[in-house]
Amino acid sequence: MLAAHLLVGALLFALGLVGFVTRRNLIIIFLCTEMMFQGIILNLVAFGRYPLEGPPTFDGQVFSLFLIAVAAAEAALGLALVVLLYRHRGTLDAGAWTTLRDE
Amino acid sequence: MTAATSILPAGLYATLPLWPLFGALLVGLWIALRVKPERAHWPVVLGVLVSAALAVTLFFDLQRQYAAAPETHAGGFVYSVYNWISLGQPASLEHNQWLAVNFYFDGLTGVMLLFVTVVSLMVVLYAVGYMRDHHGHPERGYERFFAFLGVFVFSMITLVLAGNFVLLYLGWELVGLCSYLLIGFYYGKPAAAAAAKKAFIVNRIGDFGFALGIFSLYWFLRPYVQPGENPLDYAVVFKYAQHLATAQIGGMSQATLVSLLLFCGAIGKSAQFPLHVWLPDAMEGPTPVSALIHAATMVTAGVYMVARCTPIFGLSPLALDVVLAVGMVGAVLTATMAMAQYDLKRILAYSTISQLAFMFVGLGCGVPDSAVFHVFTHAWFKALLFLGAGSVMHAMGGIIDARKFSGLRHVLPQTYAVMWVGCLALAGFPLLAGFWSKDEIVHAAFERHAAVGIIMLATAGLTAYYTFRMFFLCFHGPLRLPAEAGEHPHESTTMIRPLWVLAGGAVLAGYLGVSFGGPASESFLAIFRPHGLIHDFLHHSTIGHPEHGHGGLWLLYLSAGVALAGIALAWLRYGAAPVADPDARALGGLWRLWHAKYFVDEVYDALFVRPLRALGRLFFNTDNYGVDGVIWLVTAVPRGLGFALHYLQRGALQAYALSMVIGLVAILVLWSWWT
Amino acid sequence: MQDPVVFRVERILRSPWLIFGAGAVLAGALALALWLLFPLYKGLLADPFWFPILVMAIMLNLILSSTAICILAERKIAGFTQDRFGPNRVGFWGLLQPLADGLKFLLKEDIIPTQVDKPLFLLAPAMALIISLSGFAVIPWAGEVRWPWAPDTLVSTQVASLDIGVLYVLAVASLGVYGVVLAGYASNNKYAFYGGVRAAAQMISYELPLGLGLLCLLLTSGSLRLEEVVRQQAQSGMWYVFLHPLPFLLILVSSFAEANRVPFDLAEAEQELVGGFHTEYSSMKFALFFLAEYAHMITGSAVLVALFCGGWAPLPFSSWLADSTAWWALLIKLGAYLAKVAVCIGLFMLVRWTIPRFRFDQLMRIAWLSLVPVGIALVAGTATLTVLGLQRTWWACLGLNLVALLGMLWTAARSGRTVTGRQDDLPDIHVEPA
Amino acid sequence: MPILLILMLVLGAVGLFLALPGGRADLSRLGLLVLAIGAALLVAGLTQQLAGEPGQALFAGCSLVALLAALRVVTHRKPVYSALYFVLLVVAVSILLVRMQAEFVFGALLIVYAGAILVTYLFVIMLAQQARPAPYDTRSREPLWGCLAGFVLLTQVAAYVYRRPASEQAAVLPRVGGDAILNVATPLLTHYVVGLEIVGVLLLAALVGAIAIARRPAATADEGED
């Protein structure tokens, strides 16, 4: 049913959120955002499959495809930035970057 | 007359402008694909060649058609390519007025296209040799140059072929643009960039009047046109032009207003007196450009346009007087300026303005066919002279000042020979091209008023004098060479070959305007009667057929005499190419006035440029300190706030994330309590 | 000096009579057993539910055992290429060599180094094999068949008939990298690590041309179902390799890279990286990698055959057997399919022993500067053809391929250098002092 | 149900707090145990709601695997394992999607996430590999507040989800017909075609951006602090 899927999605999202806030490794932070995406994709597809009214629709799947594309873009840019940052400081600690200036 | 009787289908003639454009686009493609620049001229050469072939065919085709039906004065044919701009209300599209892209083929077009394309072809061929260094390597921007040339030829043909005023304006602006691009071809050189800018801006001033002229034409003619007729089409305009003569606006007839506004454009494009200042500066461009744009084709657009609009101009005696006055003043002034210059190309540039002024005098005297005839002959020998000057310049390593060298006949024999022909033709030496056409204008001037005729005759004498002054300074006297010329100055074969073709044109072009026959008993010249083929031909075009008899023989002898006198005087004073200029000493203050070009540029600078610049500075300061100051004050508030608040920022990404999450959760909790 | 006993045993083993006799006896025993046990499994056969499982079991066994044969074939082909005999000691013509190899793998000492990341070290070979085998699920081995024991139902000789068949293949192929990467990472060995990193970069790069080639095909076929693609080819007789030779080559090259085969076996380049990602592996775990490579090759060939070479269609340019669902047709179709796969694998092996390995930068250049642009051009062209409705017209497709090929050659000729680049193109290496 | 749910969420929050890196190892193991139990109970409870629908076991198994994998992604101290658990998570989620007849999304998810994105992650993790466990991987930042925020968020979401009476929730739906590809492709290429184009542009921009970032010379690499 819808609620079960929604809850699983919410759990994934919340776990991703907690991970995003608590973990220090930049790569894991990115992984956690991807995890939130997973939760959302699950929710979107579930909404399409178990609509509140009317027949099942496929808009949720379409949106999740968009999400996947966005996630791919995000991963490409994010990882490129992570590599760049790692080259600068030799660390993946998010706390090592507290200024946006290039020193 | 339909195209059915023509040699080639009308659609093929309508492709005339496109070939050089294709060539130019192809060159652009080659640039993009990085094809070797040495061969980049080929597309344009071929494109112009095809156009020239079509134009020559068209000329004889039209001539054959006119000869076949001399009684039909409605000339040529119109080829409509497609509907371009809708002039009507969108609601009534069915009886809409469409501005078509239509091409007008008649006698005037035929003559113009004949020399435009053929001279262009010669210039392009010449440029293949000119735009290279002494080792035959193309200089930087070689491909770009040819692409521009192609676009230019396309624009010029479009201008000439245009069947309505909007298309004419399009071509008009396109040639202006090409002129800008080509004058500024050496954009790294500040003088060239400034000259390009100057040419563009000065032209804009004229074009503003021209655009107003077209607008007013549209406005005045709109009430008369029938549905389906385009009020800017030539045929429609000339059909209803009579109405303009009677209607009054602001104390003058509408025809006068329209003519004067249109004439503004002609003044700008043909560099006539008040707006002539751009042309001499435009000599900063490469010499082929000077030859092509500033002697043979683009500057003649003004003459062409006024000739084309004869049905309008003819309705307004006042407008014709203005044309005549501007032409006269310009002819005399620029001829005198030319007498006191040393820069070869500048002398030729002033001479061009002077000759164009001759044409305007012809137009003002109501003999547009003579004016167009002069355009036609002038194109050949002036292109020849310019290219000859370019050959000198090429050999002298870029030096063009006549004081720096002399006696070049020893090192540049072929250039010397063709320059002889060109100078003689320009000076109006009997039986050469310039003689015939100039004589017709002088004759028309005499018919108008004796004073006008005398002035024009005197100017013709001046022309002969300064032309040969320049010529002797360069080619006669002892051999002196500037250091830049290198060890062995020589002329390039690639460049000389087109010159010979043009020299042939300079000799023979005049004979299209004369017809043979007449009583041989009278004199030698009497076997030639002016008003030959080209006049018959032009009579059939929209120019109409102005009434004038043919010149008396006395005038032919007189002008020949004046020309010879000018040449002889120049020989006496400059035959030995003296280092010190005898004129400068003899004429004193007058000479210095001429040398300074009557201080026109300085006057403009004081009258327009400086006040405008001061105004601009005022605006700048107002904006920079007044307006921006207010904005700065406004920004000071958030800046201060930001300074106060920036301590809240720790810079740790995850701290922000956490606070965002906590905020989100708080909102959620509050919201769920609320509902 | 040889031990006479060993000599005698060897001579017996090398006798063809023994090999073929034993083979015949085994086959007869199997047939007898099947015949005798028929009442026991008759019920199962009548229920179409079991059929996919049956197919799975049979094909899985077939593939796993054929890897052994593949290894023998590989060595024989290597011998042929290098003008020597290849294995000819164990059994007649070396036919028992696979058995010996397997025995060797089983009996070797299984070493797990101390510093490895143990869970991943163990997981890696399993993952490699599992993923390379899961591609089989969607391969339509022999079309549809009317099951003699349940005559009313048409069953598909396919484990799973998915709407997204080709997508599934792509997905599984894209997972194939994990085995190698994990092995490289877990080994805690510099060489293995480099192998893993190389494999990751290589697989990601070569997935693009693979996907682009598949796109061309899918635009033509209009269906992602493999069985549908095969059916189209079988019915029209126009195998897609005739329509799309360039995409076929694209996918062929990419599957070389995906299977980590020469000339793309940078992940295990012996000369540079000792053994690459499997340096630290021994015994059966190494055998699993070996097995995975061959399984990957077989899967790749099977997919390639299904997509481009008409799958089970026995003859090109004819629709023979296309609509037949008889059981004997099934045998012919399966035979045709397996024969094509065998030819494909033979090609893989010939290439391995003919072409030298690329340098890593060359490998990347081939993917990004050559295959991907061509692939994009082909996809764009095929999409245009599809819009025009010409996607199954042979002259349009071949024209497109020809244009793409000429474009490729022209660009290559213009640039005046090889696609793979030269030594001069490599960036300078700055070795920093430790 | 909500009471039980909240109880399990509390259990999960406490477990997560214990299991996040930084605490004592035995407590962490305990936390994981608690989490696993909580997740199993939760999934069991959720599965009950699917009564009457086929594939309950699939749902139960996959969501349990997904949740456990997600927990390990968040709590594991080695980034490589996090990434691998994420692969597991993706596989589990994609199977859940197949159960909901979203085959195309399943394929896309596997290809894009497992096949491309995660491999890239692994690649980067390997590039940035440290000899010993890095200090920033063994300690977490504000675990208490993070867990608390996540917990409250979840309770709110759960409360909202379960506010609807069960009777209003849609009945068991039949299998959707039609080709899985066509079902997705038709709205995607008709109704959402502009969005599709925009996403294409976005991907291109990301590609260009990533190349621009990555191509920057590593001239400043020696400025690294340690």
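A, B, C and D are the chain letters, set down in written order, and residue numbers restart from 1 in every chain.
Just so we're on the same page, contacts are C-beta pairs under 8 Å (C-beta built on N, C-alpha and C of every residue); 3 or more make two chains touch, one makes a residue touch a chain.
Bear in mind the structure is a predicted one, so any value in this text is a computation, not a measurement.
Looking only at C-beta pairs in contact, point me to the busier pair out of C-D and B-D.
C-D
Which chain is the middle one, judged by CA centres?
A
Averaging over Cα atoms per chain, report the distance between chain C and chain D in Å.
The mean C-alpha positions of chain C and chain D differ by 32 Å.
Let me have the rounded angstrom distance from the C-alpha centre of chain A over to the C-alpha centre of chain C, please.
35
Counting in whole Å, what is the centre-to-centre distance of chain B and chain D, each centre being its mean C-alpha position?
72
Considering chain A alone, which of its residues make contact with at least two other chains?
Expected reply: 17, 21-22, 24, 94-95.
Please list all residues of chain D that touch 2 or more other chains.
104, 108, 116, 120, 127, 141-142, 145-146, 149-150, 153
Give the residues of chain B touching no fewer than two other chains, as numbers and ranges.
654, 658, 661
Okay, what are all the chain pairs that touch?
Once each pair is checked, the touching ones are A-B, A-D, B-D, C-D.
For the complex, which residues does chain C have touching chain D?
117, 120, 162-164, 167-168, 170-171, 173-175, 177-178, 181-182, 185, 193, 196-197, 200-201, 203-204, 207, 224
Which part of chain D faces chain C closely enough to touch in the complex?
Spelled out, the residues of chain D in touch with chain C are 80-81, 84, 87, 103-104, 106-108, 110-111, 114-116, 119-120, 122-123, 126-127, 179-181.
If we count contacts the way the header does, which residues on chain B are in touch with chain A in the complex?
My answer: residues 650-654, 657-658, 661.
Provide the residue numbers of chain D that touch chain B in the complex, in ascending order.
141-142, 145-146, 149-150, 152-153, 156, 159-160
So in the complex, the part of chain B that touches chain D is made up of which residues?
It comes out as residues 654, 658, 661-662, 664-665, 668-669, 672.
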